[in-house]
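Here come two complexes built around chain A, the first alongside chain B, the second alongside chain C.
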Partner chain A sequence: MRNLYLITKEDLKNLVKNPMWVFYGAVFPFLFVTILGFLGKDGYGKEVTSFDYYGITLMIYSILSSGMTSANAFMEVTIQKPNMRIVYAPGSEKNIYLSKIIASFLFTFGCHLIDLMLLCGIYHMRIHAIPQILILFALTEIFSVALGVMFCCIFKTEAMANQILGVVINLLAIFGGLLFSLDGYGKVIRTISYISPAKWLVKATFGLIYDHDYSWFYPTAIGMVFAIIVVVAICNKTFRKEDCIC
Partner chain B sequence: MNSIVTINQLEKNFGEKQVVKKISFEVQKGEILCFLGPNGAGKSTTINILSGILGYDSGEMNYKGKSIKSCLNEFKQHLGVVPQDLAIYEELSAEQNVKFFASLYGLKGRELEEKVTKALDFVGLLERRKDKAKTFSGGMKRRLNIACAIAHEPELLIMDEPTVGIDPQSRNHILDSIKKLSKHGMTILYTTHYMEEVEEISTRILIMDSGTIIAEGTKESLKEDIFDERQFILEVEEEKNLNIDDFYTIEGIKKVERKEHELTITTLKNIENLDKIIAMVIKNKAKILNLFCRTASLENVFLRLTGKSLRD
Partner chain C sequence: MLEVLNNDWKRLLEEKMYLCVSIALTICSIVAAIVLTNTMQTKGNIAMVVTDQSANTSLSKKFSSSPYFHVSKMKKAPLESDMVQNRYDAIVTMKEDGSYNIKTIKSDDMKKMIVGALNNPDSYVPSNDKDREIGTNIMGYMMMFVLIQGLFYARFFAKDKEEHIIKRVVTSPIAFRKYLFGHATFILGMIFAPTFAVILIAKILGVAIGFSLLTYALLIAVLSILATAFALFLNSFFCVADTANMIGTATITLTTILAGSFYSFTKKESVLDKLVHLLPQKDFINYVNALEKGHLSRNIELQFIYVLVISAIFFLIAVMKTKRDYVYR
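And then the complex of A and B:
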């Protein structure tokens, strides 16, 4: 347990010190919402502004993209080599991937919390049922970072993991209607879009904020917990310490 | 000497390919055991198995009589590994690197601080302890790689080609450090491609080729066992007076070659015939200017055993 704490702390420090990941985790989502919020300003009313809409959808998109950070934290070449020394040390080899999941979660969730606070402060983004929304976002964040690590465990390289992860994230985002609404594309597309957890998240979050409707919150949260368990179990099954030999 | 590690009938396959073929050896306490072998011989695989990073298909590995599988964490606690690749965080200082890796072995507080300082001092990086690893030269990084492996004062240190691609000064520093560690009682298992390093530091040598151990012993015993010949090189004047065929009348002479002023005589090692060779030269009215004896080098031993040069 102590080694897991020590490795996680070191992994977290590595992420915080990396300007590229600070930009990707904290600055990029804020800029993304700002730009699309301004561009789409005229298309939205006063009840729900473009910042209210994109503040939620693009934050969910950013949260889903957190897998990129964990994949990097796990298998980036300058990290992968010291991982080898961690395998030599006493303790469970599971510490290696668990520490990456925990550190990436703490880092990306911290970044996204700051973004949410900035969006609420600067653009007066409307938000309600904050504890429930934070629970949903935290669970999604854990799922995303675990997914990034899982792809690394399966494909053994960061480049391959990121390529596939990029496709998966964008498909989930498109089906979930994060980038544009699929509601106008007919009943079939609308039904298919529910395959994406992003759709559930959007539905649950907007339901909580605007309708005070909790009916989507519990199934979405339970679904996320289940998805996390599955992804971590796959990590456990596919992680091989010999892959740490560079 | 007591054996720390005993390997018995160890076998490792990668798919259809048998990389380590039922090898057995012991690592004795306090020795510097050098692993020699060409690329693909199975040295690194054996070392990776021993350091717990690779599994194996059959065989036994014991640490002080106990199966390593059953006491893996205890074994790892007493094991230090210097991998061939630099396993350090480039963005951290030398001190932070050593401190982090040493802390994984349960060290903390004052003890951790003292051992980190000792390890950095040992590899000559104490003055640069606050500098980031990325600012170091290749040799300094290699030394830091060693410091990270020895800070917890392991009983057995495995070093996988720790001097690859570094300047002679750092290399000498590393070799001196290894000798010092050995004097302090640390057992070292060392792989290298550099024969001169083996000549300098080894107390025992294992030669591996195609997944098997083909020879084992001290450098002296290997040379003795494998070569039954020695060469006398004579630098002579008036060499035209020499009749080469006359030398073959001396007992033990196997080959005589003349090249300008140099006469190379290969003779059986166990026959004392130098006085007769000198007498023959004098009898032929030639003058000896210089004479020396050439014995087999480890390179020759290796070449004889494997049929290839170590750097092939």
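And then the complex of A and C:
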């Protein structure tokens, strides 16, 4: 446990120190919402503004993209040698990927919390049932971070994991209707879009905010917990300490 | 130049899993683009609330058979969260005396359109200016994935830099232009071939794709050139492949959505709108749209040339930057 704590602390320091990751985690989502919010302003009336819509959907998109950060934190060139040291050190080698999951979760969730606060403060984004939404977002964050690590464990190289992750996330986002709404496309597409976890998240979150409806919250949260368990189990299965030797 | 090309190809074959996964993802994303386009998109999804059977007048019957709207009749109004998620664009409540009440979170244009359709349901035809046709939609949806693929295949160049192989290249007699051009040809081919193949298969299967195959070949080629040039440009600035990748994916996603590849934003005559025209994706999609609708003007042809020019500039900067970094003077 103590080992895990120490490694996590170092990983977190490594993440916070890199300006590129801080940009990607904190500045990019805010910029994204701001630009799209301003551009889409005319399409919305007074009751619900474009920021209310894009604020939620694009934050979910950013949360799903945080797998990129964890993939970087896991197998970046500068981190390969420290990883190798941990392999040779006494203690469990599982700490290597567990610490990356925890550290990137803390880092990206912190960034996204700041973003959410800024959005609520500056654009008066409508939000309700804050604890439930935070639980949902935190679970998704763990899921996507673990997904990034899982891709690294499967493909062994970070570059490949990152590129594939980029396409997978975009496909999930499009089928979940995050980037543009799919509801105009008829029944078949609407049914297909429920495959994407992004769709459940959007539905649960908007249900909580606008209808105070909890019926989608519990299944989505339980589904996320289940998905996290599956992803971490795959990490556990595919992670080999030999891959860390460079 | 051919050696570089050949070498890249051999290196790619060494990583078969990588090749398979990236081609599979390409096919997935383009199939998704075609599928999304071929399902008909209506002007709006409307929930018609008829609480009382006597309110079910001829007006509501005529309106619900309108080809431009997808009208679902229901007894109870849908939840507000469904409206926010764009499941329904508006809720029309029919009253017993034949009057109606429209509720929407969208702009006034939407409301006007519905009022127009309700007032004379028989002869109503909405304005089609903003609608895109099939070919434009397919190009728009696949644009983001095609551009991201450039980063996929530029990784051998990135690896050359990361592992300092490029320093050995410098000492060999090959010219820098040729070295980068070899990489560029490789990336271009790798983007173009699978993308065009999917379109070709779709055409053979008889799916409506809008343009002729030749036009598609040309358009995809131009898009691939842009993707290649941008990928090389970005990679020439970073020595670590992953940094370039991450920044590239983020920039491409943001700018492509901004350029209105999925749907065009309606804001007019603002500074931001003019700035958006600086993005080559915007000019490209404008050109495709005009080409499909058949009103090409000189201005739009200039926009098309702009895409090529900016690709050339990206490539030149990439050459100059790498030259400055690695050639000793």
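The rule is simple: the second predicted complex is superposed on the first by the 246 of 246 C-alpha atoms of A that agree within 3 Å, B and C clash if a C-alpha of one lies under 4 Å from a C-alpha of the other, contacts with A are read in each partner's own complex, and residues count from 1 in each chain.
Just so we're on the same page, a residue touches a chain if its C-beta (ideal position, glycine included) is under 8 Å from a C-beta of that chain, and two chains touch if they have at least 3 such contacts.
Just so it is clear, the model here is predicted, and its values are computed rather than measured.
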Margin query: In the overlaid three-chain picture, which partner chain does A:N3 touch, first (chain B) or second (chain C), both, or neither?
Written below: first
Just to be sure I read the superposition right, which of the two partners does A:A89 touch: chain B = first, chain C = second, or both, or neither? first
Across chain A, the partner (chain B or chain C) reaching more residues is C
Next on the checklist: Taking the superposition on A as described, I'd like to know which of chain B and chain C A:K203 touches: first, second, both or neither.
Outcome noted: second
Pick one for A:I189: touches chain B only (first), chain C only (second), both, or neither.
second
Contacts from chain B onto chain A in the complex sit at residues 48, 51-55, 72-74, 76-77, 79, 81, 83, 85-91, 100-101, 103-106, 148-149
The residues of chain A that touch chain B in their complex are 2-3, 6-7, 10, 14, 17, 78-79, 81-82, 84-91, 241-242, 244-246
Residue positions on chain A within touch of chain C in the complex are 20, 24, 28, 31-32, 35-36, 38-45, 47-48, 52-53, 68, 72, 76-77, 155, 158-160, 162-164, 166-168, 170-171, 174-175, 177, 179-186, 188-189, 202-203, 206-207, 209-211, 213
Chain C residues touching chain A in their complex are 15, 17-18, 21-22, 25, 28-29, 32, 35-36, 39-42, 44-45, 70, 79-81, 83-88, 104-108, 144-145, 148, 151-152, 155, 158-159, 162, 240-243, 245-247, 249-250, 253-254, 257-258, 262-263, 265-267, 272
